[in-house]
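To keep things simple, chains are lettered A, B, C, D and E as they appear, and every chain counts its residues starting from 1.
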Amino acid sequence: MLIGEVVGSVVSTRKDEQLESFKLLVVQVRDHANKPKEQYVVAVDAVGAGPGDVVLYASGSSARQTTITKDKPCDAVVMAIVDSWDVDGENVYEKWS
Amino acid sequence: MLIGEVVGSVVSTRKDEQLESFKLLVVQVRDHANKPKEQYVVAVDAVGAGPGDVVLYASGSSARQTTITKDKPCDAVVMAIVDSWDVDGENVYEKWS
Amino acid sequence: MLIGEVVGSVVSTRKDEQLESFKLLVVQVRDHANKPKEQYVVAVDAVGAGPGDVVLYASGSSARQTTITKDKPCDAVVMAIVDSWDVDGENVYEKWS
Amino acid sequence: MLIGEVVGSVVSTRKDEQLESFKLLVVQVRDHANKPKEQYVVAVDAVGAGPGDVVLYASGSSARQTTITKDKPCDAVVMAIVDSWDVDGENVYEKWS
Amino acid sequence: MLIGEVVGSVVSTRKDEQLESFKLLVVQVRDHANKPKEQYVVAVDAVGAGPGDVVLYASGSSARQTTITKDKPCDAVVMAIVDSWDVDGENVYEKWS
């Protein structure tokens, strides 16, 4: 998985019928020091994430293992909202600070 | 998924028999600010997309989860036409503007 | 899928028994303007491609969806020979020209 | 697989229900000479790894082949703790030295 | 598949039980002109390869299609030892020369 921040969302009316009810999030990837990278992904929301949330997303076939994405043409899913993480014993990110 | 623009199409008469009826689109990847990247992919069309359309495409095994691509040797599929998206509360792209 | 040119082939006598009859092609990737890239892949031939042919190849699990590669330890397959493609309304490549 | 060092962990209370009991490790990738790279991944722990351990992790669908990750939305798993490795006949890393 | 040279091996005693009997090879990737790249992978050996052998390896789910790697948490497998390959009609590598 990679860490990213939800920075926006995508609207689409004409799409594969299996995607009807999905919320499509624009996620900007963060590095392990919480610095934004130039990399982004559009991921299906499986946990009720919103703008500003720092999240974990899974890619590839693993993105189809949540209840809502099973057998769907979806290659990225937000499957956790991050509370905090640490690197080398230092707190890097804290949601509630 | 990634966002891209349909910039062309590929013609092939000699191909795996399972690909007979596919429309093969050349999709140039856009970044989250809608700037074209030097990256492209050839994707099967699952939603009736055409030149100039901004689309979402899925890669890998997820590309085989639409009705038309099931069990086909296809690793990229256009599964949505994008109407609009926003980043940091700003509208980045609007189809009908 | 990506576009590439068949530039060579690989010979191997000691290999997994499931690969016995495969033709292994060295494919150099082309960008969407038909310029060769520094990227290559070794792909199984599923369409009778040969040196100089411009082809489409599929990667990952999708490479196991042709009749000959089913359930084989193969992660790239040439599944179409390209006749032509266009970008922005201009013909980029034409096999018979 | 790639080699990496466990440099931290991620805490998340709101996540896909299938991930409830997972330990999520921040793994910084090492190159084959044991030099840290700017690349990281968040991986599920399948072997009881902790901070400072040098490990092997598997990505993609292969990350769902351990007992604890089966059918879970997880695309990276730590599946071995490295004791040592050598390159060109020289010992590069030794856990107990 | 990509071409690489076996440059070393990894020792691990604490690992997922499904990996017990695997030989783990450090493979340095070669480009199509046989020049070593800064990229490496740790791959399971399925053909009896050893140090100095130039090999083909498959990645992702395809790495689980050999008899010994079936259903194992393994994302790269050495599935062929290369005898020779050619590019643009020139012999690039010859094992027995």
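As a working rule, contacts are C-beta pairs under 8 Å (C-beta built on N, C-alpha and C of every residue); 3 or more make two chains touch, one makes a residue touch a chain.
This one's a predicted model, so the numbers in the text were calculated from it and none came from an experiment.
Between the contact lists of chain D and chain E, the overlap is empty.
Rotating chain A by 145 degrees superposes its CA atoms on those of chain E, with the angle stated to the nearest 5.
Mean C-alpha positions place chain B and chain D at a centre distance of 33 Å. Centre to centre, using the average C-alpha position, chain A and chain B are separated by 20 Å.
For chain D, residues touching at least two other chains, in rising order: 60-61, 63-64.
Round the ring, the chains follow in the order A, B, C, E, D when counting starts at chain A and proceeds to chain B. Chain contact summary for the complex, chain B toward chain C: residues 7-16, 18-19, 24, 26, 28, 38, 40-43, 51, 60-61, 63-64, 71-76. Chain contact summary for the complex, chain E toward chain C: residues 1-3, 31-32, 46-48, 56, 58-67, 69, 77, 79-89, 92.
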